[in-house]
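Going in written order, the chains are labelled A, B, C and D, and every chain counts its residues from 1.
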């Protein structure tokens, strides 16, 4: 470790925040760009599965709530791209990384939303898992990232409650609604568990990231916490978690549960999830078909700037 | 009249058919191209209002019948383009005339199909009016046109019966279905009357066309015939024709009825019907987005021809 | 026509226009050219859905047959919808969407502005809340129309095309009928025709800055306000009402 | 699983695939690149709707709960549909539509060919009728795939793209499950996996002539046959079932 690196690590160990203008190791910067970028992309791609039901939301109120939620997600994407930009990369560059497939987004968004209950399940399980991941990141060492997470976490917990509320309505509703709710839980349970990433034993970058306080808890810790929190919620809903081996372990003080199928996880990462191609195509099309808009607005801004400059000069 | 023209008119008067290789006056040829082209375009554009309900047809049987009908219309378009081609114009040229707005199609297709009953009303009233126009044209002086009309008329009367059958089901159905049926009649009645064209007093080309037997009856004759035929059908359905002044005239042996609003007719011709812009856009898009297909298939045919020629040469 | 019959129709016209336009805008969700626009469009849609709830709530109340705003939104067929035709026109491209929005917003601001002085308190209250939103929407949509109209050659051409395509759907906003006459006589709502001069002035100013040419045709498609729609509305409703139709009686 | 349970599922798989694919094809109506193709596509759709009536009719009969083919088509939600996922993929462009058709037809011809020898007479009878249609469809779709694959540079690129996009949806056609095992044991239907060699041979031959490159990936999206669909199916059904859902109990 160089003296600079030593000093850097000491600051982190002392709980200081690293700010954009501070010196930082190249690895720290790169890891953060990857992590924040991936998180930002997830918010953006994450609009799509829920957006799929905005035009079919069953009541005006539900439609409004869902619109507001998806709007929040776009907002989160924006905060996070801004946080990433403080590390010296542009939003356009990050977008290109996404669209070329070089940067990933959370694999959960490669699963389809097939019934209205999926909107509930996403709020309850997916936002629930996201919060579990994100709450500790409010204490992450990189200042802009930590501050973005604080704003995001506040909104996410609101989303989770709304999702749970949908599930509750469905679980207490007609037999068909109940069936939708159970079906949604069946399909989203394991993908939600995957959101914490593979077991720490498999995870290469974990140790360094934890030392840098970019990562605060291990994947397995968070996954366990999520299961422990979610099981009683499912019981309250009267829904069955699709894991016959799930049971309370008195000794550990935790639920024992079945690991997700990690082969499926790696398949989805490789692009073979149910919706990878559709999601990427939707984002690519939005980007390409929006090119003339971005160019038009930029050209106009440039004209205005030039006109103002000319007017200022004439006034002198 | 030149001797050639005299001879030509004599042949027509004698009931002979004019064939593609026969001499004909330029005006005859031009009028026929306009009339047949317009008729062909009407069949093609006419796919759109009915096509609008294929994906929402209420039963499998109705969907199949509607598909078959729209398919027949495309077929009629094809016969008619072929008939027009015998007059020395190409189908591509005719298509360009349509897409540039230089040639028209029947203004009835600029009205929207808003409920399933409209599919019935189109079969009953629009095909009904079309048949009224077309039956006499089976005796038109131009051979290829007369023969195309014979094939077309056979299918159209089938379509009309199917349309009437839909109306009957609706008129005998639930109150909502009955409302749909009456609403469809209200909206399609006057546009159907317009299909015969303005009163002969206004029609410039009529006299010459009748002498050439391109036109057999006057517009007013056919319109009257249509009204006389349709009123009892509406009565049988228990529907009310939206014309308070409609009544049987014992003396004339015909129904008296209110003329359609010819201002509306001319507005629609000028492009201001409810759907003109949408219809033309749909056809233009089909044509433009199909360009690569037509080019691809042509290129392949050319390659095949070249390969066969090369093979034949090698074999010699 | 009684006062309440007219008020019911009017509330449907306002509510349905907000609902259908809001639905169209919501179709953009996740597909906008930049994130800021995803946010802005969601925001407009959200406001419009909120306005829908108020107007259709009022309609149900005035009708007095126990229909809620949701019943009116989800359980009527196309012919009972009273939205302006411009609201149901398809989104096409981003510029077209914002041109439609601008032409509508310029009208909504005038209409809602007048309604804040309505003799019917419930109308005045809804208008007061909606007006602020409409003003913000108009600011935003004017900005985009100007930015793209006076942008590149391509963006200019697309905006001019959008303007020409949508123009015949603007006249309906100012066409008076018996509903309007009744409500004007009761000082509940202005005659739509009275809003035209202010709309013209605003539209001319923005189109001027956008370097766009105002179409000359005065032709207007009518029918939305009396239930004669375009073919597009049926498809939109099939999607929008799907769940309520497929699972009647369920609560969500 | 009883014989009849399996037969019910199988008839749904056949019928739903025909229904959904037929619906997709029918979306082209009036929008094809040349009139001959408007006619050809309507013809394919028509055949597929006819096959739907037979298969869903059989399903209703086997189920024995009084559901007609129309009930099954119009009153089930997405999760009860059993069509192959490839059938619900969107049309995109004309080439994509025909590539989807070709990949399906090459399978349908093999499947129906085997079914003509089914121990269940009703299955054999439906297959005999449908096979002739499928053979004609395959001839037609092969021709288009070859023509566009071996056409211009652009048409070639579009067809290769379509092939790659659709390829992961072909594996499902050959995935056996308990339904297939049960019916194979009863000589009612072949195991889907047994159809693969003939399909491979046909597809390779046509792709070869079309100068297209067969994708190497063996990855297969599954789920259609057990009711786990793509997001596209729900939108398709919202449109298809609209009238039946909005006016329950009416006859048309």
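Assume contacts are C-beta pairs under 8 Å (C-beta built on N, C-alpha and C of every residue); 3 or more make two chains touch, one makes a residue touch a chain.
Each chain and its UniProt protein: C, D = Ring-1,2-phenylacetyl-CoA epoxidase subunit PaaC.
Model, not experiment: these values are computed from the prediction.
Student: Using the stated contact rule, I'd like to know whether A-D or B-D comes out ahead in C-beta pair count.
Tutor: B-D
Student: When the centre of a chain is set as the mean of its C-alpha atoms, what distance in Å lies between subunit A and subunit B?
Tutor: A distance of 57 Å separates the two centres.
Student: Could you give the separation in Å between the centres of subunit C and subunit D, each centre being the mean of its C-alpha atoms?
Tutor: 42
Student: Subunit B to subunit D: how many Å between their CA centres?
Tutor: 35
Student: Please list all residues of subunit C that touch 2 or more other chains.
Tutor: Correct list: 77, 234, 238-239, 242.
Student: Can you pull out the residues of subunit A that are in contact with at least two other chains?
Tutor: Only 56, 176 qualify.
Student: Taking the touch definition from the header, please name the shape of the chain graph: line, ring, star, complete or other.
Tutor: Here the contact pattern is something else, fitting no line, ring, star or complete shape.
Student: Could you please write down every pair of chains that are in touch?
Tutor: A-C, A-D, B-C, B-D, C-D
Student: Give the list of subunit A residues in touch with subunit D in this complex.
Tutor: Checking each residue of subunit A against subunit D gives 49, 52, 56, 112-115, 176, 183, 187, 267, 272, 274-275, 277-278.
Student: Write out the stretch or stretches of subunit C touching subunit A in their complex.
Tutor: Touch residues, subunit C against subunit A: 19, 23, 26-27, 29-39, 42-43, 45-46, 49-50, 52-53, 56, 69-70, 73-74, 93-95, 144, 146-148, 150-152, 154-156, 158, 239-240, 242-244, 247, 249-252.
Student: What residues on subunit B touch subunit D, complex-wise?
Tutor: Checking each residue of subunit B against subunit D gives 44, 47-48, 51, 54-64, 67-68, 70-71, 74-75, 77-78, 81, 116, 166, 169-170, 173-174, 176-177, 282, 285-287, 289-301, 303.
Student: If we count contacts the way the header does, which residues on subunit C are in touch with subunit D in the complex?
Tutor: Answer in residue numbers: 77, 234-235, 238-239, 241-242, 245-246, 248.
Student: Which residues of subunit D touch subunit A once you look at their complex with the stated criterion?
Tutor: Answer in residue numbers: 77-79, 165, 168, 219, 221, 223, 228-231, 234, 238.
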